[in-house]
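Starting off with a structure, shown below.
When the chains are written out, they are named A, B, C, D, E and F in that same order, and each has its own residue count from 1.
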Amino acid sequence: MTETELLLESLSLMAIGMGIVFGFLLMLVGILRGMSAFALKIAPAEPHPAAAPAALHTAGSEPDDLVAVITAAVARYRRHH
Amino acid sequence: MDQFEKLWLSMGIANLEWGQGLMMLVGCGLIYLAIAKKFEPLLLVPIGFGALLSNIPIAGIGGPDGMIGMIYHVGVETGIFPLLIFMGVGALTDFGALIARPSTLLLGAAAQFGIFATLIGAVALNFLPGFNFTLQDASAIAIIGGADGPTAIFLASRLAPDLLGAIAVAAYSYMALVPIIQPPIMRALTTKEERAVVMQQLRPVSRLERILFPLVVLILCALLLPSAAPLIGMLMFGNLLREAGVVERLSRAAQNEIINIVTIMLGLAVGSKLSADKFLAMETLGILLLGALAFCIGTATGVIMGKIMHRATGGKINPLIGAAGVSAVPMAARVVNKVGLEEDHHNFLLMHAMGPNVAGVLGSAVAAGILLALVGN
Amino acid sequence: MDQFEKLWLSMGIANLEWGQGLMMLVGCGLIYLAIAKKFEPLLLVPIGFGALLSNIPIAGIGGPDGMIGMIYHVGVETGIFPLLIFMGVGALTDFGALIARPSTLLLGAAAQFGIFATLIGAVALNFLPGFNFTLQDASAIAIIGGADGPTAIFLASRLAPDLLGAIAVAAYSYMALVPIIQPPIMRALTTKEERAVVMQQLRPVSRLERILFPLVVLILCALLLPSAAPLIGMLMFGNLLREAGVVERLSRAAQNEIINIVTIMLGLAVGSKLSADKFLAMETLGILLLGALAFCIGTATGVIMGKIMHRATGGKINPLIGAAGVSAVPMAARVVNKVGLEEDHHNFLLMHAMGPNVAGVLGSAVAAGILLALVGN
Amino acid sequence: MTETELLLESLSLMAIGMGIVFGFLLMLVGILRGMSAFALKIAPAEPHPAAAPAALHTAGSEPDDLVAVITAAVARYRRHH
Amino acid sequence: MDQFEKLWLSMGIANLEWGQGLMMLVGCGLIYLAIAKKFEPLLLVPIGFGALLSNIPIAGIGGPDGMIGMIYHVGVETGIFPLLIFMGVGALTDFGALIARPSTLLLGAAAQFGIFATLIGAVALNFLPGFNFTLQDASAIAIIGGADGPTAIFLASRLAPDLLGAIAVAAYSYMALVPIIQPPIMRALTTKEERAVVMQQLRPVSRLERILFPLVVLILCALLLPSAAPLIGMLMFGNLLREAGVVERLSRAAQNEIINIVTIMLGLAVGSKLSADKFLAMETLGILLLGALAFCIGTATGVIMGKIMHRATGGKINPLIGAAGVSAVPMAARVVNKVGLEEDHHNFLLMHAMGPNVAGVLGSAVAAGILLALVGN
Amino acid sequence: MTETELLLESLSLMAIGMGIVFGFLLMLVGILRGMSAFALKIAPAEPHPAAAPAALHTAGSEPDDLVAVITAAVARYRRHH
């Protein structure tokens, strides 16, 4: 292939490529909207249901409630003194 | 005297070619950037050290019988390492912002224009002497514009293994440079008012939506673009492990053990492609140049699409978030946040930029699939 | 126009065979069972996703050059993945209850009757049209009755790789169904008085006993049944790492890193055996049917042996614990506990059921060794 | 092999197989009893010597004594107020 | 009757050769030493169990199609496992003491005399009947004097795979015996005053020095002794991950996941080299003897170099720290500390002994490189 | 090779080997001194800059400040009673 042929080929690649990228993601926009509608119909949304547990399984989070316990204990202790 | 000669001949210094010496300097330079400048250190430290090790004369560590050469053969030639990293990325990524506002996928689509424009740029370089890129080479270079390391390595290992070293280095370097490259372009293309747009808070996303998302994306990909299925499949598999909620052990393994181990191996293996005859060539200069171009164009088209959506929605979208469409997760989203805060100290765009940001990952995986389907052999 | 045709032909939808579509549905079904019904999710999520990925048209992810195909070749064909999982199981298992009351090994032995009865059932199916099981096939199917995933995968990969997908799915599904399958059989075969037997507390087991146990079991296995040595050897190696007390690091690696990483890979690899031509066959129906039969028979013979021991010991043994002999650790032991509590709210049988439960693991490994020795080639 | 031959073969497999399974595990019963006798002779049993440490090396157990400390502290605090 | 004969012939007891039985006893012995005597349990438990598994008759677990045989082929024949362990050692090692006082490198150098003296000893054994060591064999045996497990395994796998089992066992056993072997030699060669020398506190080492250290060492090694580059390269790579401060994830992976997983596999694989025909030979006796000799000589030359430095510095160096030059990290440094405390209850030599201790690791890697360059094929 | 030749060869190996080991490590002594001089020139030493953070990333260290908090709380509690 000469340089010019290559250039033409790559121009056509660009056109097709961007077309498919947009086509694919546009289609995905529609499908995701449908998916959300369907999902919220059969299981209405709770407030941040997955985000909260996700935050909890990070390593080192186990002592979190300890912190809570202590904070409460210390707070109560101060209140009474 | 004979034995001393044998000894001398077994020394590195007696066999050091100037190219190896230079590439060892390049390796040191990458390590410097990684440690002192925090340029994507997780990848650039192993890549730099891999370059050092692979350019040691005689030792042949990067050769077919050397440790790194064998790692390359097993993990990169087969494509398994980048795919496992993609699984980890999926397990680490929260697609909630994208599910809450699917229209931001269009921003991720627009930013892929950087890829295809670079493709043309690479082919156009052939008109200059010293450049002789095939369509495969050009495609592998273009994917730098996807701003996504594993995707770039995966595609380059398939289409242009010789250029893999330069492409990976360019991809990760520019990802690290995102905070420098993007802001001027973002400011130049937007007005003060546009940058100050406060966006509506994202709705909460239900657990069921999060679980269905990876399956829906995979099935669409399977039906339309099977050549992107390995990349998108592993990304979505990792994400399903994360969101399923019943396989915590596996999700943690994907997010930690596997991705850490594979990152070390992948980095060393990529470093072994930093050899003098491949890297110290005119072509590398071209690749670095085109990489920068790709990031600039991708940022620009993302922002322009942001402006279009800004108008189409009657001003609800802040066009800055289009810049996050290049991916470079989560750096690009943070840059959007920073540029937004410059205009209005109370306008946090981070969560809104996460949608286009992860859309950019999907977008470049789709683009990689297209290039594989149409240019791959 | 030509290029569009090429494009169309590269699309999944243009190449989708109906069988692939159905198998993708099966994959989704397994993921559904795993997430919504908590059917052994650690295995069924990866297996289901592996089925999805491997049935994507054109992509060939499960083929010899695809990622999952390569994983299958390296980890399942060699038998290494199930053996590493067995090492992890050993490191996670407390054999104390078995050491304290060795006689419960007989319950684990009796429950293996489910395996051999199923073997006959599989061979008997050949009298029906559409079934054509060899003795190897029948043996691999029969091991479902062992209620032990890694053992089933190990044996099937050796004797009947074509049936591996269906066998693994059946094994893990029925293990998940243990709380539904077992209780009616347990109630039917025992009297109210038998179910209410309160067992004597287990004696404490010394550290030395725990350390000697894996060595003793391995050496007996080496002397009598070397064909079971890989399975029992790795199980006992993991257990020795656990009990040695001086190799905490290695024990943790076996219990976490290794088992988690291998579970992901093994699941994906097993999923690649869920292809339409092997799975959407009459034989799969037979396998599912025989698997259910195997669990029922194993449960029944375990309980019957429990009744025998009940009488022989003058009523010291609660026959319910015999049901735990099928293995399905620790689910079956929990079922025993639950059925026991129904009769007497203060009678906790869990610890007593752990003995037969882990004895069942040994029992099915022994049975697998016998089948390998007598039927394997 | 005809179906009938196969069936006969599998019956013989069943007999041998169950025989070995029982034989193997019965032998193991005896050997384990011997092993325990031997082990308890040279090292008399402590109460749950291995179970206790085993429980301790699970991940996230380090804060256990913290919990103990706090529980004690909180209990004492309540007693005094 | 025929089938019973087939069954009998498939039993281990019918096929057990006396050598296998003895090697299984050797395996049990290693496990006993590891658990009861705490002899390097992390390696000796897996090695001992590997010996047990590999000597089971018929099963062929250590053979080319057996699990351990395949692990050996992939990880030890290629040299990858010891190199990955060396990476982990680098990530676990603090070279600060060495950077603060580089002169202690000379102690690490002197202690390597144990290696080369053993080489001569091994060759000299050939004058006795029953010994027939080649120069390769002798070199592999000599490296036991390096008191460094991964280096010994790496070199033995390259120069004398047949002797690998005995060499690894000897290396790790003597490392465990360091607290017994070294003190008498240390006391015999030093005066009361020398042992009581209190050394000056080490200066703090800056972060930049710690980062430059691995690069400097690697580059010197590359220029002078490329044959040592795999070992020293991976050691320094691990150390760079540790000190870089920006790749915490990777450093942790090298220190934990990778080293733990590889230790299990490496141990099993080394154990498979403990076969009767290789191990139950006169040569093993010679290897054990020479190994003890090597440790003694290395300790002695280290201490003597310590005395020389003691005089050269006008008494600033406590000669005891020379004994740590054999490596056996960190055991040898602790022994130095203990012997020092015997003389003066307030004189803690631990930190001062860490310098020669890690210098010994470098020294034996250098020695291994020399042997590879001059004796390897 | 006869035993004697082998012995001579190994003697020469010892001489060369110890020579290189000493040469290599001696050279390293000099280079490390130069490196430290260079490093301390462009970045003067802080007190234990790397050692301190290194000590901090050991597993299980996260609850350390918890211990501190509790110790302080308990101490204060005792002081007041």
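Note that contacts are C-beta pairs under 8 Å (C-beta built on N, C-alpha and C of every residue); 3 or more make two chains touch, one makes a residue touch a chain.
The structure presented is a predicted model; accordingly, all values stated were derived computationally and were not measured.
Engineer: How short can a chain-to-chain path be from subunit A to subunit E, counted in steps between touching chains?
Structural biologist: Shortest path length, in steps: 2.
Engineer: Let me check something: if the centre of a chain is the mean of its CA atoms, which chain is farthest from subunit A?
Structural biologist: The most distant chain relative to subunit A turns out to be E.
Engineer: Among the chains, which is located farthest from subunit C on the basis of C-alpha centroids?
Structural biologist: The chain farthest from subunit C, judged by C-alpha centres, is F.
Engineer: Using CA atom averages as chain centres, what separation in Å is found between subunit B and subunit D?
Structural biologist: Their C-alpha centroids are separated by 49 Å.
Engineer: Using CA atom averages as chain centres, what separation in Å is found between subunit D and subunit F?
Structural biologist: One centre to the other, that is 42 Å.
Engineer: Roughly how far is subunit D from subunit E, centre to centre by C-alpha average, rounded to an integer in Å?
Structural biologist: So the centre of subunit D lies 36 Å away from the centre of subunit E.
Engineer: Nearest whole angstrom, what separates the Cα centre of subunit E from the Cα centre of subunit F?
Structural biologist: 18
Engineer: Going by the contact rule already set, what residues in subunit D reach two or more other chains?
Structural biologist: As it turns out, subunit D has residues touching two or more other chains at 16, 20, 63, 66, 70, 73, 77.
Engineer: Among all residues of subunit E, which ones touch two or more of the remaining chains?
Structural biologist: Where subunit E meets two or more other chains at a single residue, that happens at 7, 221, 224-225, 245, 252, 257, 374.
Engineer: Using the touch definition from the top, list the residues of subunit A that touch subunit B in their complex.
Structural biologist: Within the complex, subunit A touches subunit B at residues 1, 3, 6-7, 9-11, 13-14, 16-18, 20-22, 24-29, 31-33, 35-36, 38-40, 42-51, 53-54, 57.
Engineer: In their shared complex, at which residues does subunit E touch subunit B?
Structural biologist: Result: residues 78-80, 83, 211, 215, 218-219, 221-227, 229-230, 233-234, 237, 240-241, 244-247, 249-250, 252-254, 257-258, 373-374 of subunit E touch subunit B.
Engineer: Using the touch definition from the top, list the residues of subunit B that touch subunit E in their complex.
Structural biologist: Subunit B residues touching subunit E: 6-7, 10-13, 15-16, 24, 28, 31, 34-35, 38, 41-42, 45-46, 49, 52-53, 56-59, 61, 66-67, 70-71, 256-257, 260-261, 263-264, 268.
Engineer: Residues of subunit B touching subunit A in their complex?
Structural biologist: 94, 96, 98-99, 102-103, 105-106, 108-110, 112-113, 115-117, 119-120, 122-124, 126-127, 135, 138-139, 203-210, 212-213, 216-217, 220-221, 224-225, 242-243, 245, 248, 251-252, 359, 362-363, 366-367, 370-371, 374-375
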